[in-house]
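Please find the structures below.
In what comes next, chain A is part of two complexes: it sits with chain B in the first one and with chain C in the second one.
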Partner chain A sequence: MKTPWLRQIWDRFARTRVGRSIFRVGLPQSNLEKSQAMVSSFLLHVQPAKVHKHALKASYSLGLGLISLYLFFILIGTGVLLMFYYVPSTEKAYDIMKDLQFVVSAGLVVRNMHRWAAHLMVLFVFLHMCRVFYTGAYKRPREFNWFIGVMLFLLTLGLSFTGYLLPWDQLAFWAITVGTNIAGYAPVIGPKIKFLMLGGNIVGQESLTRFYALHVIVLPAMALLGISVHLFRVRKDGGLSRPDESGDVVEQIPLGQLPTNKSYGLMELARGTTPQVGKNPEDEVFSWPHLVFREILLFLLVVAVVLFLAVFWNAPLEEFANPIHPPNPAKAPWYFLGLQELVSYSAFWGGVVVPGLIVTALVALPYIDRKRHGVGRWFASERVVANTIFSVCLVVAVVLTIIGTSFRGPNWGWVVPWHQSPAITEGH
Partner chain B sequence: MNHSDSQNKNQVTRRSFVRLTLGWLSATFAVGASAAAAVRFLVPNVLFEPSQRFKAGKPEDFPDGSVTFMEDERIFLVRKGNTFRCMSAICTHLGCTVNRANQGYHCPCHGSVFDEQGAVKGGPAPRGLEWFLVSMSKDNRLVVDKGQRVAADKYLVL
Partner chain C sequence: MNDHSLRKFYGWFTALGLLVGVLVVMGYYRDEYREWKDYQKKYIQEEIHRAATPQQKAQAERIALQIRQVQLPDLKRVDRCTTCHLTVDDPSYGGYPQPLAYHPLHEQHPFEKFGCTVCHRGQGRATTTADAHGNVAHWDEPMLPMEYIQASCGQCHEAADNPSAPELARGQQLFEDSGCRGCHKLGGTGGVLGPELDRVGARRSPEWLRKHFLAPASVTPGSAMPPQKFSQTNLEAIVLFMLSQTGEATPGYYASMKVLPNTREGQRLFQQKGCIGCHSVAGQGGKIGPALDDVGMRRTPEWMVQHFRDPQSVTPGTVMPKFGFTEVEARALADFLVHLREQSVALSLPSLMGPVERGHQVFKKYGCAGCHGQDAKGGVPNPNAKTAELVPDLLHVADGYTKDELKARVLKGQKEITALDTKRPPPPLYMPGWAGTIKDAEVDDLVAYLFSLKPKGEDVGF
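This part shows the complex of A and B:
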């Protein structure tokens, strides 16, 4: 077989003095080199040299976590670009949005990409959580990583919410007014938290400055740290969950009693468990190229989809923020519309109690549901009770969100989305 | 390590007690004080917001029986005969600005309905609209103080 020309160039370069100084191992050929390629590269060493075949099954993980990560990368990239123009000033912010639309080269696409990637990230982090639930992957030894995941979901919502104010249009102003007022309903500390978030009593310059600081450094830094710990723990907890590992995970062994005749025990000395159990060499493949190439392919796919959305659909920008006239109806971002629907019945129950219960239940879940069966399979029949409860909550959340998004019109009254409401048509 | 040392290993000596208490106390204090200072730092001491107390205008600017919406202050000034009252236009539910309706007030955000007295007639609002203290200044202007809430039936008589 003839070697492809690109490969020839690469091989020639990798053999030079400079090439070898950068890539210790050339393009890996032997199994040894495949392992070395993973271990000797800073970017690749985060991942294991070999992965279980089950972890590569797209039908199992659906790649949802990776997609979320890639969306986060896109958000950092486009977000940094936007920072070169954006000024968090109530007088300038809106004009800069218009500049991005009409003046800055590719400004519109960059802003659109940031917007769509943000929406998609909320969606995919949520779908990732659903996947982990339905495959029972939150169970021991992955309880803590589930907790980190819940925190990352909240951080994603926080990032999206703080970013929502920055364009300083009507949508931004009223969504944040409504959102921070919900926070004000929390008992005892609610009004103080609201005051602290806004830097005052009303949404104004101080609020914009604060949301900007949170959006561009505080929350992204926390998310980055959280994601790092999350990925680290995926490896330390034995890779992606899989069916044959149930019951394999050895109980926590005191350090002194580690089996000395088994090398894998020593390798995981720090944790004292042996997640290598159940991993037979024949079940594993080399990360290079099997894992790495899949990841690159998925990354390209995610970028392509976001770019496609950004080119054909513009991010919304309403009129300049007007504190006197709320739009009718004033709606929060779509992922909060389920909550807003609840809030329209009772701000305290919908805005504080229900979200509080949801987060508490999610955090406590792996410590309540401690049975070790049904891990690593979708909709395992042993987990029918847990799956049913989760599905009911899921359906309720989705239905509430759809109602809030499409079935609520002026004065938060009922509308039928496929009938144009007279309020909208009368202007024509 | 001699015999008596190992025997006293679990006992708290005066030296270890002082070391422990001082060490942990100062560490806790350092972290706590820094955190408290950081939170306090974030609480603004000066607000660049419109004054809570402001002059609404001369009494004769408001015709008898009128309800005047003042945009910037987000209030309604209500005159009936020689009585003046001031009601907040901020919905008690989630802070949207309510609109004057044929009868009472409507909130566009989540559909709360209030009557002429600001009492809740429907929707999710937990409380009625607030009423503020109205007084007269020396130069014959109506002064509204949004910092001072009053009952709905309290008014300024001229």
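This part shows the complex of A and C:
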């Protein structure tokens, strides 16, 4: 059978002196080398040498978590490039957006990539969360990793929201004004939180400085730490959830109660059991190349999609921010439009109760829904009640968001997006 | 799942790798291909074509494709127009089609000091035709059509008496005479019924303004403003004046050019600086300095300017102090004094006017004519007002009010106008209170003027 030409090139390079010095083991041939390839590489050793076949099934995970991670990488890369130009000044920020578009080499494409990758990341982190719910993957022993995941989702929203202000155009100014107003509806502490976020009562230079610091350092650092812990725990909890894993969950023996008549390895201490207990070696494959190839492929796909969007569609940039001229309607970023729609009925319910309940329910979920059935299968019939409740909430959230995005016009009145909205004339 | 099942991956790697490669190339092409490069290439070809000597030809061939820009930090602008319009300052390109045309008459406004967009508007930072000319979504300032270019003079210079912008001056005259200030504030002076006009030129297009004057309600539903009956030329002039009101602050150097030396500005200075304290005109004023009625015949403007700069240098021993006038102010004052011998100018000094004349000026200044008509003769419609659906004329106020009552009424205003038919919407126009806006002495003069309007020969009794 003919060896693919790409692999031939790779083979040849890996065998050279330089290639070997980089990859150490060359291109792995034997099972030993496949394990070594994973363990001896900094980038790959985060993952186990062998993974369960189930974890590779695209139809199970849909790669949503990995896609989110890749989008995060793209955002860091493009974000750093944008930082080379950006100045968080209300006087300069908007002009810099224009310069990126008109005179900076690749400025517009990089900004487009950053913008579209940011929207996609919000979407894919959310989809990832839905996948984990529908497959019951948040159950023991992954309860706390679900919590970290919820925090990462909130961080993603925070990153997107803080980035929204930076271009300092009308879209940015008013989306942040509306968004922080929603936060301000909380009783007692709401106005304080709003003031703390904005560094004042309205969006201004102080807000821009704060949002910038949060956007480029505080939140990315937190997200990076959170993602590291999230991935660490995925591995410590036995990789991706799967249907038949209940057998290999062994109660951890509390440290003080370990029998003292034998010596223990680190792994045993960590998990209270030996790593291979309950695992069937036949169900596992070597991470190299089965996992790594799939990861590379998905990475190429994500890059291709983001590039495609960035080459053909420009990131929005409206007029220079004008605090005395609100657009009608002024809308929050799209992922908050469901809340804004609720706020239009009741500021208290939409601004406080509902978001508070959503976060509380998400965090508490694994501790309420504790039965270990239906894990590792989509829409397991044993979980029909939980799935139904979640689906109803999901549909409501999506419908509210779509209404807020497309069906709300001037003065938050009804419009139908496929009819041209009447010309908006400013009243005197 | 053996390693052979991975063979398909190599195909996918190749395909996706190629796709990413193609997209990168497309991104690069999109970035590298810029409209302005075509124009610059055309320019270089033209330069090569014109070259007479081999040296000139070599020089032309070395012209780099690059962004050209004028940085104007004081005006908060970066104008890249010259990236495509490469020959604006090269007279040998006179008559060439755009973008390679020569811009005549730029000596007083050199490009490196003013750029382009401060007069022509548009988007200076942009480097594509559509974006730069500003005819794109989310850009408030499209290029000003050439027929309205005089509006730009008014952004920095006082509109009136600007010899280079006669249409603009006419527009301002119309604005004042038509009583627009009765309802609209401009530069802090005016009424409260309509919106302030300080930034109207930056917010509105010529089309919008035209429609607005002819039928206000067609662009602003529910507007109380009565339709204006302007002739076509007057309409264009007032639109022009509106467009000049952009509210843009012109800093430093640019602000010093606000006032072109002219009679009107000279007169303003003459009053403001209190010249009349020492000098007299038509017998009124101080006796310390000489009377100025015929100073224009005795002295040249150059002498006067030098005199303002340093009185001792032309009149040793004089007690006149140095006032520290700017060059422009000195020239404006000289201009005024030269014309002082013409009686019309002399008579327009408020100190020479009686209360009735001054009151008439007040009537004009605050735009009372906007509602009460030219010379208070009435005639402006106010639908559903009990007074025959018109704003009342003021010819007979002397019959119904004492001077104090009338003064109080002007200051207090009348919010509720009695309706003809209570079922119809209330009359849109009402009398605003002018307290706080109008000065006390001005009200006295205004009342004197209004009392003078009672037609002669009409008797109170019968």
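Everything below uses one rule, namely that the second predicted complex is superposed on the first by the 380 of 428 C-alpha atoms of A that agree within 3 Å, B and C clash if a C-alpha of one lies under 4 Å from a C-alpha of the other, contacts with A are read in each partner's own complex, and residues count from 1 in each chain.
Throughout what follows, contacts are C-beta pairs under 8 Å (C-beta built on N, C-alpha and C of every residue); 3 or more make two chains touch, one makes a residue touch a chain.
Note that this is a predicted model, so its numbers are computed, not measured.
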item: Superposed partners chain B and chain C on chain A - clash or fit; value: clash
item: Which superposed partner A:A310 touches (first chain B, second chain C, both, neither); value: second
item: Chain B versus chain C as contact partner of A:Q36, first or second or both or neither; value: neither
item: Which superposed partner A:S89 touches (first chain B, second chain C, both, neither); value: neither
item: Partner chain in contact with A:F293 - chain B first, chain C second, else both or neither; value: second
item: Contacts of A:T405 with chain B and chain C, given as first, second, both or neither; value: neither
item: First, second, both or neither for A:S391, with chain B first and chain C second; value: neither
item: Clash-bearing segment of chain B relative to chain C, given 2-10, 56-64 or 146-154; value: 56-64
item: Contact residues of chain A, present in both the chain B and the chain C interface; value: none
item: Chain C partner contacts - residues on chain A that touch it in the complex; value: 1, 4, 6-7, 53, 56, 91, 95, 98-99, 101-103, 105-106, 108-109, 169-170, 285, 289-290, 293-294, 296-297, 300-301, 303-304, 307-308, 310-311, 317-319, 425, 427-428
item: Interfacial residue positions of chain B with respect to chain A in the complex; value: 39, 42-44, 47-49, 71-72, 74, 93-97, 106-111, 123-124, 126
item: For the chain C and chain A complex, residues of the former touching the latter; value: 1, 3-4, 6-7, 9-14, 16-17, 19-20, 23-24, 26-28, 30-31, 67, 76, 78, 80, 123, 125-128, 131, 138-140, 194-195, 219-223
item: List of chain A residues in touch with chain B within their complex; value: 174, 177-178, 180-182, 195-196, 199-202, 204-206, 323-330, 340, 343-348, 410-413
